[in-house]
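These are the structures, in C-alpha cells.
The same subunit A turns up in both complexes below, where it pairs with subunit B and then with subunit C.
And now, the complex of A and B:
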C-alpha cells in the first residue's frame, strides 16, 4: 500500500466528496463521515511524511505497470501524469490533512443549524483534494486542474451562507479572482508546452532556457500565484473571503492559499531554478512584496472593528513574513557563501512560518467564529466582558494572539526569530519592517482582547455560555500545537522544515525524480 | 549533544532555547507571587471598594462606560490619517479593481524580468 500513498492521498477524500451527498437526509451522519474521511487522510498523510523523510522522494506514475516507472522502455520523456512528492510537498500535505481534520471537527457543531450540510462537507473534502493535488503533483497541467478544483470548492464554501448578501458577494469575488489567476496559469503553461512539448515540471526545469517566452511564462506564473496567495497589492479578495467563510473552513482555506504560495516557491526554485541570472531579481521582488504585504496588512488590521475581518488582514500580513523569508533565500540562491551563511535559514524561517501561521491563524479565526456563535455579531464594538462566559475560548485566543505576535515561547516567535536575523543580513531595513509589524500585530490583538473579552459584562450576553465541546476541542488542539511547536522548534525544524528547504534547494534531485533515473 | 542542546535553535548569529525562557518565566512568576502575597489584605470583592472611580460621579450602568474597539488607537489612526486615506482608496471592494491591481503587478514583474532591470 505504501507505494500507492500519493494516489491514495487524493483518492480517499475524492471518494469522500462524492459519497457525502448520499447522506443528505442525515446531516450529522454527513458530518461524521467527513470527519472519518479526513481522519483517514490524516493517517495517510502522516505515513506519507514518514515515508518521504526516511526513504526520500516518492514518485507515482498514474497508469504505469509499476508506480515508479517514470520512463517506460523506448520513451525518452515522461508522458504520464506523475506525482512527485519531496519533503516540501509532504510538509504541505501534512498541513492540509491536519487542518482539514480540525476544520471538520470544528464544523460539526459550528454549522449544525445550517441547511445543505451534505454539500458543505462534500465541498470541504473537495477543497482538500484540490490542495493535496496541488502540493503532490509533478505536472504543470495537473497543478492547474487542482488549482481550479480548490478555487471552485473554495468559492462555493465562501458563499455557503447564501442567505447573507455579503457571503454571496465574497464567494463571487473569490471565484472571479481564482478564475483569472488560474486561466493565466493555464496560458503560461501553454507557452511552456508550446516550446518544450511537455508538462512535467522536472523535465521542463532541465530543458528551460533564458529566452523571452520563458521569462514571460515565469512573470505570469509569478503574478498569478502572488495574487492567489494574497500578497499585497493583490490581496483584496482575502478579507472578504476569510470573513464570510464559515470558521470551520478557515483552516482549510488558509492551507489552500498557502498551496498557491507553495506553487510560487515550486515555480521559482524547481521550474526556473536554473535561470541563475534573474533569480536574484525574482528574490528581491518576493522580499519587497513580503515587506509591503506584512506592513500594509497589519496597518489595515489595526482599524478594523469586524473581528474576522481584522484577523483576515492579519493573515495577509503574516503571508508577508513567508514571502520575505523565502525571498531572502531566493535572492542569494546563486551565491553559495551567502546561501550557507543565512539564505538557507531564511528559507527555513519562511517555511516554518507557513505551518506556524496555519496553526495559530486557524485558532484565531476559530475563536472569532466562537464569538460569532455565542453573540451573533462580529462587531467588536458590540462585544465585551466575554472572558467570564467563555474561559476556554479566552485561553485559546490568548495563546493564538501571543503566537501571532511573536511572543516567546509560542510558535510564532521561533520562525520570526529566524526571519528577523536572516533578512537583516540581506538588508537591515527588511528586518526593521518585520519587527515593527510584529509590534503592530500585538497592538491590534490587544484591541480585540480588550474590547471582546475584557471590560464590564454586557447585559445582552448575560446568558451566553461557552461554545460546544467539538469546537472547544478543535481550538484546544491548535492551542496545544502553538505551545508545543514553540517549546520544541528545533524538532519541527530538523524533522520537517529543513528537509523541506533542502528539497527546494536540491534541484538536481527533483529533476531526476529523486534518483529514479 | 545533551537533550538541552538538542532543543536549542541555532540561528546564523545567535541561539534560542525556549526551555531556558520558560525557566525564567517560572522564576518571574514566583517573584510576582511573593510580591502579590505581601499585598494589602483589606481588599473585599463585591463591596463599594471595587466600584469604578469616575471623578466622584455615580455611574448606574457600567456597560455605558466601556471602551469600545473603535475608540482604541483613535489617536494613532488620527495621526496617520494621510496614510490611511491612501490605503482606503486602494481598498474599493470593486472586483474590477482587484483585476487591475493584478494586471499592474504582472506588468511590473514582466518589465523587470523581460526588460532585464
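And now, the complex of A and C:
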C-alpha cells in the first residue's frame, strides 16, 4: 500500500467529495463524514511524509510500473501522468491535510445553521484535492488542472454565503484572478510543450536551454503564480476572499494560496533550475516583491475596522516574508559559498514561515470567526469586553497575535529570526523592512485586542457564551502547535524544513527522479 | 512573405485574441462583458494549443486502421487532449462566474463593476 500513497492522497478526498452530496438530508452526517475523510487523509499524509523522509523521493506512475516509455532505439521519454513527491511536496501536503482536518472540525459548529452543507463539505474536500494534486504532481498540465480545481472550489466556497451580495462579489474577484492566472499558466505550458514536446517537469528542466521563448514562459509563469499567491501588486483579491469565506475554510484557503507559492518555487528552482546562472535577477525580483508585499500589507492592515479584513491584510504581509526568505536563497543560488553561508538558512526561514503562518493565521482567522459567531458583527468598534465571556478564544487570540508579531517563544519568532539574520547578510535594508513590519504587526494586534477583548462590557453581549466545543478544540490544537513549534523549532527544522530546502536545491535528484530513470 | 503570414496566421490570431481578452477584462464595466473577456482568453489559449499540435499533411492521431504511410506521420494526440480538458474546465469556470454575476445583480441591482463595490478599503 505504501507505494500507492501519492495516488491515495488524491483519491481518498476525491471519493469523499463525490459521496458527501449523498448525505443531503442529514447535514450533520455530512459534516462527520467529511471529518472522517479528512482524518483518514491526515493519516495518509503523515505516512507519506515519513516515507519520503526516510526513503527519499517517491515517484508514482499512473497506469504503469515504469515512468518512461523506452523506444526500441533506446530513447526513453516520460509520457504518463507522474506524481513526483520530494520532501518539499510532502511538507506542503502535510500542511494541507492538517489544515483540512482542523477546518472540517471547526466547520462542524461554525456553519451548522447554514443551508446546503453537503455542498460545503464536498467543496472543502475538493479544495483539498486541488491542493494535494498541485503539490504532489510532477507534470505541468496536471498542475494546471489541479490549480483550476482548487480555484473553482475555493471561489465557490468564498461565495458560499450567497444570501450576502458581498460574498458573490469576493467570489467573482477570486475566480477571475484565478481563471486568468491559470489560463496564462496553460499558455506557457503550451509554449514549453511546443518546444520540447513533453509535459514532465523533471524532463523539461533537463532539456531547457533558456532561449527567448523560455524566458517568456518563465515570465508568464512567474507573474501568474505571484498573482495567485497574493503578492503585491495583485493582492486586491486576498482581503475580500479571506473576509467573506466562512472561517472554517480559511485554513484550507490559506494552504491553497501557498500551494501557488509552492508552484512558484518549483518553477524557479526545479523547472528553470538548470539556468540558475541568470537566476539571481529573478531572486532579486522575488525579494523586492516580498519586501513591498510585507510593507504594503501591514500598512493597509493598520487602518482596518473589520477584524477579519485586518487579519487578511496581515496574511498578505506575511506572504512577503516567505517571498523574501526564498528570494534571498534564489539570489545566491549560483554562489556556493554564499549559499552555504546564508542562502540555505534564508530558504529554510521562508519555508518554515509557510507552515508557521498557516498555523497562526488560521488560528487568528478562527478567533475572528468565533467573535463573529457570538456577536454577529465583524466591526471592531462595536465589540468590547469579551475576554471574560470567551476565555478560550481570548487565550487562542493572544497566542496567535504573539506568534504573528514574532515574539519568542512562539513559532513566528523562530522563522522570522532566521529571515532577519539571513536577509541582513544580503542587504541590510531588507532586514530593516522586515523588522519594521513586525513592529507594525504587533501594533495592529494590540489595537484588535484592546477593542474586542478588553474595555467595558457592552450591554448587547451580556448573554454571550464561549463558542461550541469543536471550534474551541480546533483553536486550542492550533494554539498548542504554535507553542510547540516555537519551543522546539530545531526539531521541525531538522525533520521537515531542511529536507524540503535540500529537495528544492537538489535539482539533479529531481531531474533523475531520485535515481529511478 | 505572404506564405510566412499564412503559416503563422493561427498564432497572429492568438495574439490578437489575447490582446482583446485582456482589454475586455481590464476596461469593460459590465460584469457579463468581463466574463466574456475571460472566455476570449480561454479561446485564445485553446487555439494556441490546437495550432501547436497541427502538422501539415500528417494523419489524424490514434487512427487504428491507418494506412502504411501514416506510420511515422501522425499528429501527436496530446495537444488535442489538453484542449478538451481545458474546454471542460472552462465551461465550469464560466458557469460559476455567470452564477456569481447573477447573484451580484440580485443583491446590488447592477452589473456595473464600478457600482457593485461594497468591499473596499
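Operating definition for what follows: the second predicted complex is superposed on the first by the 505 of 517 C-alpha atoms of A that agree within 3 Å, B and C clash if a C-alpha of one lies under 4 Å from a C-alpha of the other, contacts with A are read in each partner's own complex, and residues count from 1 in each chain.
The criterion applied here is as follows: a contact is a pair of C-beta atoms (placed from the backbone, for glycine too) under 8 Å apart; a residue touches a chain by one contact, two chains touch by 3 or more.
Keep in mind that this is a model prediction, so the values were computed, not measured.
Asker: Subunit A residues in contact: does subunit B have more, or subunit C?
Answerer: B
Asker: So in the superposed three-chain picture, is A:489 touching just subunit B, just subunit C, both, or none of them (first/second/both/neither)?
Answerer: first
Asker: So in the superposed three-chain picture, is A:28 touching just subunit B, just subunit C, both, or none of them (first/second/both/neither)?
Answerer: After superposing on A, A:28 lies clear of both subunit B and subunit C.
Asker: I'd like to know which partner A:115 touches here: subunit B for first, subunit C for second, both or neither.
Answerer: After superposing on A, A:115 lies clear of both subunit B and subunit C.
Asker: For A:458, using the defined touch cut-off, is the partner it touches subunit B, subunit C, both, or neither? Pick first, second, both or neither.
Answerer: The first partner, subunit B, only.
Asker: Tell me the contact category for A:180 with respect to subunit B and subunit C: first, second, both or neither.
Answerer: Touch partners of A:180: subunit B and subunit C.
Asker: With both complexes superposed on chain A, which partner does A:508 reach: first (subunit B), second (subunit C), both or neither?
Answerer: neither
Asker: Of the two partner chains, subunit B (first) and subunit C (second), which one does A:168 touch, if any: first, second, both, or neither?
Answerer: second
Asker: Have a look at where A:211 lands relative to subunit B and subunit C in the superposition and call it first, second, both or neither.
Answerer: neither
Asker: By the touch definition at the top of the document, which applies to A:197: first (subunit B), second (subunit C), both, or neither?
Answerer: After superposition on chain A, A:197 lies in contact with subunit C alone.
Asker: Can you pull the subunit A residues that subunit B and subunit C both touch?
Answerer: Shared contact residues on subunit A: 172, 176, 180, 240, 303.
Asker: If we count contacts the way the header does, which residues on subunit A are in touch with subunit B in the complex?
Answerer: Residues 172-173, 176-177, 180-181, 184, 212, 215-216, 218-220, 222-224, 226-227, 233-234, 236-237, 240, 278, 281-282, 285, 296, 299-300, 302-303, 305, 341-342, 345, 380-381, 383-385, 408-409, 413-414, 417-418, 421-422, 425, 443, 446-448, 450-452, 455-459, 486-491, 493 of subunit A touch subunit B in their complex.
Asker: Report the residues of subunit B in contact with subunit A in the complex, numbered from low to high.
Answerer: 6-9, 11-14, 16, 18-19, 21-22, 25, 62-63, 65-70, 72-73, 76-77, 80, 83-84, 87, 90-91, 93, 95, 97-99, 101-102, 104-106, 109-110, 112-114, 117
Asker: What residues of subunit A sit close enough to touch subunit C in their complex?
Answerer: 141, 144-145, 148, 151-152, 155-156, 159, 162, 164-166, 168-172, 175-176, 179-180, 183, 186-187, 189-190, 193-194, 197, 199, 239-240, 243-244, 303-304, 309
Asker: Which of the residues in subunit C end up touching subunit A in this complex?
Answerer: 18, 25, 31, 34, 38, 41-42, 44-45, 48-49, 52, 76, 78-79, 82, 85-86, 89, 92-93, 96-97, 100-101, 103-104, 106-108, 116-119, 121
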